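In what follows, subunit A forms one complex with subunit B and a second complex with subunit C.
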Partner chain A sequence: MPDTPILQVENLSKFFPVQRGLFRRTVGHVKAVNDVTFTVNKGECVGLVGESGCGKTTVARCLLRLVEPDQGRILLHGEQQTFDIASASRKEMLDVRRQMQIIFQDPFSSLDPRWRVTDVIAEPLIAQKIGRAEASRRVLDILPTVGLGAHFADRFPHELSGGERQRVSIARALVVSPPLVVADEPVSALDVSVRSQIINLLLDLQSQMNLTYVFIAHDLSIVKHISHRIAVMYLGRLVEFGTTQQVFEECKHPYTKALLASVLIPDPTHREQSYVLEGEVPSPLNPPSGCHFSTRCPFAQEQCSAEEPDLRDMGNGHLVRCHFAEDLDLSEGVFALPLATPSASA
Partner chain B sequence: MSASTDQIHGAPRPPAADIDVASTEDVASRGRILRARIMANRLGIIGIVWLVLMVTVALFADFIAPYSVDHVHNEALRAPPQLVHIFRDGRLTRPFVYGFKSERDARTFLTTYTEDPELVYPIHFFVNAEPYKLWGLVSSNRRLFGVEEGGMVALFGTGRLGRDVFSRVLTATRISLSVPIIGMLISVILGSAIGVASGYWGGVADILIQRLTEVLMSFPRIPLWMALAATLPPELSSLHRYLGVTIVLALIGWAGLCRQIRGKTLALKESDFIMAGRAAGSSTPTILFRHLIPNCFSHIVVVATLSVPGLILAESSLSFLGIGITPPLVSWGTLLKDAQSVQVLTKHPWLLAPGVFMVLTVLAVNFLGDALRDALDPYSEIR
Partner chain C sequence: MPDSQPILEVLDLHVHFKMLAGVVRAVDGVNFTVERGRCLGIVGESGCGKSVTARSILRLLHSSQTSGQILYHPDGDDEPIDLVNLDPRGDAIRAIRGKDIAMIFQEPMTSLTPVYTIGEQIMESIRQHQDLSEEESQELAISMLNKVGIPDAERRFADYPHQMSGGMRQRVMIAIALCCEPRVLIADEPTTALDVTIQAQILRLIRSLQQDLDMSVIMITHDLSVIAQLADFVVVMYLGQMAEKAPVVELFQNPKHPYTQALLRSIVRPDTPPREQLHSISGSVPDPRNAPSGCRFRNRCPSVHDRCLEDPPVVEFGPQHTATCWLYVDE
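Moving on, here comes the complex of A and B:
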């Protein structure tokens, strides 16, 4: 695929002030997103993974300007012009929203309980000043695309199941035919049985409508399945970015390795050999000095807590934020702690 | 399941596909559930019935009351309520009342009234009596009931100046209901608008508004009402005074609602569907008026309803103290002014009739408010 960027995120930062006391004095900042840079090419799916609290959702919300970014640029290469979402005017944002939409995580709270399905899906159209008649025609067009019958149009959200609600949510995002869709953990609130349906629907829609996805998840197996490239976040920072192959097979960052090791393998004879991260994610209000991961990293050296590593290119666009990325041997045997169980998989 | 058991249980079971369609299309709408829940609440029904009655009385007071507010019965001052009789000499007749025989106690100068069996005044319906102008539009002199010229019908007795308490209580319903309802509407509009603005935009305005409501709410109510009511110039016509009192009550009532709506707004504005609305590109008015306020609405309805009893009592207190509604307008509070002495309690208890109406109405509104709250509570059991 030719690499034409559609979205360029440059040095994006979002700090939430922490206020205390009668006069709401700012006593510190939560660095939810700290200097994040990545590019999304046309037609691909970029997965954004990390533990909860690492800033994935804040990135998504900044991309849509649902929270105001504090620093950085978000360049959307639209059909006619390029927008900087971080500084776009109200009028430009309306154009941006025609070209970029979001699917929310929880289909139970992302649909207004007092709106009928047809009104929910038509909301972006009405916002784009498209007439009511045309809007309801397009709603009826999009319903079968997401696998819902026309009779769903007059339902209220509380009459629908979780999967059906998420289909409505997808229809709402796609009704303006945006080339770029941000999916903020679109399946993690759903039953396992429904997840694969929704994932397959997203994949089908991607090929049908030639969509580009920014796919946020904490379930690595889903991300592996759907993404072309993957960004790993830890405490508001990007720690590794590369193709799915690079991240899954040749990962260079110990945190990524620990994440990958946490994936369950559906094989009853497989014995757990993985390294389990110790401790909690440090508070983003007061992140560790140097490398943010140094407090939990099994390979941490003195340099790690003193000096913050840069995001370095390890070749072929594989970016890693670790001082020792070249030297670490992250193969299974070395990484895993010796466990007392007999190695049945061997 | 075999065919024979199907027959025993009546109609054969529909195929599975049909069940699915039927069950999803049979979902009760919110309105239907709400109505069913209110209907299941007996106290709520009692409240609604009484309030409907009171509103009807207020609308048609001129017609239902046999006399105007200022009609004076010189011959019967502080006369007790007349009983309506339907039997005379052991025979069923049209309803009638007896006239009074008055005797004055030579020592105490108190007049006592006893029924005079010689004076019989049959009650006629749709009689021609004192003219009035219904809602200031329709002139008429037909009243629901009355007795012939020279007689008197005073179902709740008469007052100090010989005015019919029944007529006065019915007429007073207009003021005593309209002041609280209009006051409630003003305070709901103020409270929701300020509350939503304060919660949605936050910042300095929010801090200022919240401190203002705290100050308003920490004043003792009655002195504050009195102070505000005292600012109404005495030379105001009684109609302007009526509007003034309504606004005074509304200006204090909005604070509580404002805080509640602000809290709701704070919670809702972070909710995903508001985010989704913004992501869809909806304008701020759309988000406020189509997402936020409709989702606060059930809350607003309950708070508004439950604020009415307080306003009824507030208007009555002010009028009772003489700084609220002034004559010639009458409200339950001004009527109760006639019942200030101990003498009333012992000798003329019928002068407390407006108080009884007030208590019943306050109870009825509370019942209705509780019924609405229970019906709108998504966690309450469906009965």
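Moving on, here comes the complex of A and C:
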């Protein structure tokens, strides 16, 4: 696929003020997203991963201007025009929303309990000032696309299973036919047997409708399955970005390596891969100085806590934020720590 | 093997809830044995009855109708105790709860009390079962916090739950569960709410404590990877029924029940070809109040047959491997 950027995120930052006391005095800032840069090409899926609180949802919300970014540009190359979402006017944002929609993390909370399925799906159309009759017609058109029968149109959210609810939120995002879809943990709340249905649906729709995805998830196996390129975040920082091959097979950041190594392998005869990263994610209010990962990194040197590393290109667009990215040996041995083998019962 | 002695036997367990809208047969005919020093995994999707099974062992369900047997074999040659016969509010079960059989609950935040420090909460649990002085129980509490990997335990002792991260709170729950050195630890989704790196820490902790203390573990999860990494023996549940039961390697390599087979096929593995369609199970888990008669999996099963309208038989496939399914019975 030719690499035509559809979305360029440049130096994006979002700091939330932390307020305390009777007069809500600002005592500091959570650097939820800190100088994040990445590109999304037409027709690809970019995965965004990292532990809870690293800023994935905040990135997604900035992309849709559901929160105001503090710094940076978010360039959306639309069909006729390029927008900078970070500074777009209200009127421009209407156009932006026709080209980019979001599927939320929690389908339960993103659906109003008093709305019927048809109202939920039609809402983005109404926001685009499309008439009721036309909106209803388009809702009925989109339902089979996400595998729901027409009889679902009159149901309430509580009458749907988790998988059906998630199909409704996908329909709602796709009803304005946006070329770009941001999906924030679209399968995390689903049962195993339903999760694969939704992943298949997302893959199908992508090829049918030539969609571009930004796909956020904490399940690395799923991100690996669906993504062409992957961005890894830690404490608001982008620490590694590259193709799925580069990030999974040739990763150069110790944090990425640790994340990959803590994925549990669904095979009882392979219990040795598990690596346990020590310590916890530090508070984003007060991140460690220098490299934010220095407090947990097995390779940390003096320089690491003194100086923050830059995001550097290691070749072929493989970006890594580590002082020693060239020199580190992240081969299995360093990280391998065996879990005990299964005992044979009886 | 001489060392495979049962510590807990669950025999034909049924737990039903009478609701206005009908009877929820949350657990319907579950059988398994927990062996000393071993880990039994219970796996299944949301609502299949994992937590109800766990809670019924400790008699924590007051409004339910429970039948069957739950035999606890204490150390030594004492007669087994049938926990089903114990009064849920009586002294007998209280003496066992927390002391012999301890549990880590699904939501650590709701099971810790917000108004007491974590130190006070651990000491309270020690006080219930052990006759120790104030200093001794404080010492024990701090050593437990150390053991579960809480750095700076002496200082964290005075922290309130909200001052800790999710991973730390889960460690505190484990410390409380382990302070009386239980024979059986029931862990109900102990890592579901946690990040992958913290999940790996907690699972390793449970595994090593299991070995150090020669404890038995019942690990409850919806995640087959957790089962693969921790369990010695597995029970697969679907809508309150036991679909399959087998030693872990046998289950992963030679699954017999169509539900187990489909579950195993639908998980993404390191070698799953990228971006190809995944195997999936059609439909979704029905509301337990409208569970199908006969085999409860029949409206989603690719091998469904007329016979499946009747309750399927339990078929044996070798030592300790059974599946509840009509497929393997000649017509």
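One rule holds in what follows: the second predicted complex is superposed on the first by the 334 of 346 C-alpha atoms of A that agree within 3 Å, B and C clash if a C-alpha of one lies under 4 Å from a C-alpha of the other, contacts with A are read in each partner's own complex, and residues count from 1 in each chain.
Keep in mind that, in the parts below, a contact is a pair of C-beta atoms (placed from the backbone, for glycine too) under 8 Å apart; a residue touches a chain by one contact, two chains touch by 3 or more.
Everything numeric here is computed off the predicted structure, so don't read it as measured data.
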item: Superposition on subunit A - do subunit B and subunit C clash or fit; value: fit
item: Partner chain(s) touched by A:Asp310 [first = subunit B, second = subunit C, both, neither]; value: neither
item: Contacts of A:Asp141 with subunit B and subunit C, given as first, second, both or neither; value: neither
item: First (subunit B), second (subunit C), both or neither touched by A:Thr269; value: second
item: Dominant contact partner of subunit A by residue count, subunit C or subunit B; value: C
item: First (subunit B), second (subunit C), both or neither touched by A:Pro124; value: first
item: First, second, both or neither for A:Asp3, with subunit B first and subunit C second; value: neither
item: Touching partner for A:Glu249 - first (subunit B), second (subunit C), both, neither; value: neither
item: Closest Cα approach, subunit C to subunit B, once both complexes are overlaid on chain A (Å); value: 6
item: In the complex with subunit B, residue positions of subunit A that touch it; value: 24, 61, 64, 66, 93-94, 97-98, 101-102, 104-106, 109-115, 123-124, 126-128, 155-156, 159, 169, 172
item: Touching residues on subunit A, where the partner in the complex is subunit C; value: 51-52, 161-164, 191-197, 199-200, 203-204, 218, 220-222, 224-226, 244, 258-259, 262-269, 271, 274-278, 280-281, 337, 339-340, 342-346
item: List of subunit C residues in touch with subunit A within their complex; value: 1, 4, 35, 38, 45-46, 165-168, 195-201, 203-204, 207, 211, 222-233, 247-249, 252, 262-264, 266-270, 272, 274-275, 277-282, 284-285, 300, 319-320
item: Contact footprint of subunit A on subunit B as seen in their complex; value: 24, 27, 30, 207, 271-273, 275-283, 286, 290-291, 294-295
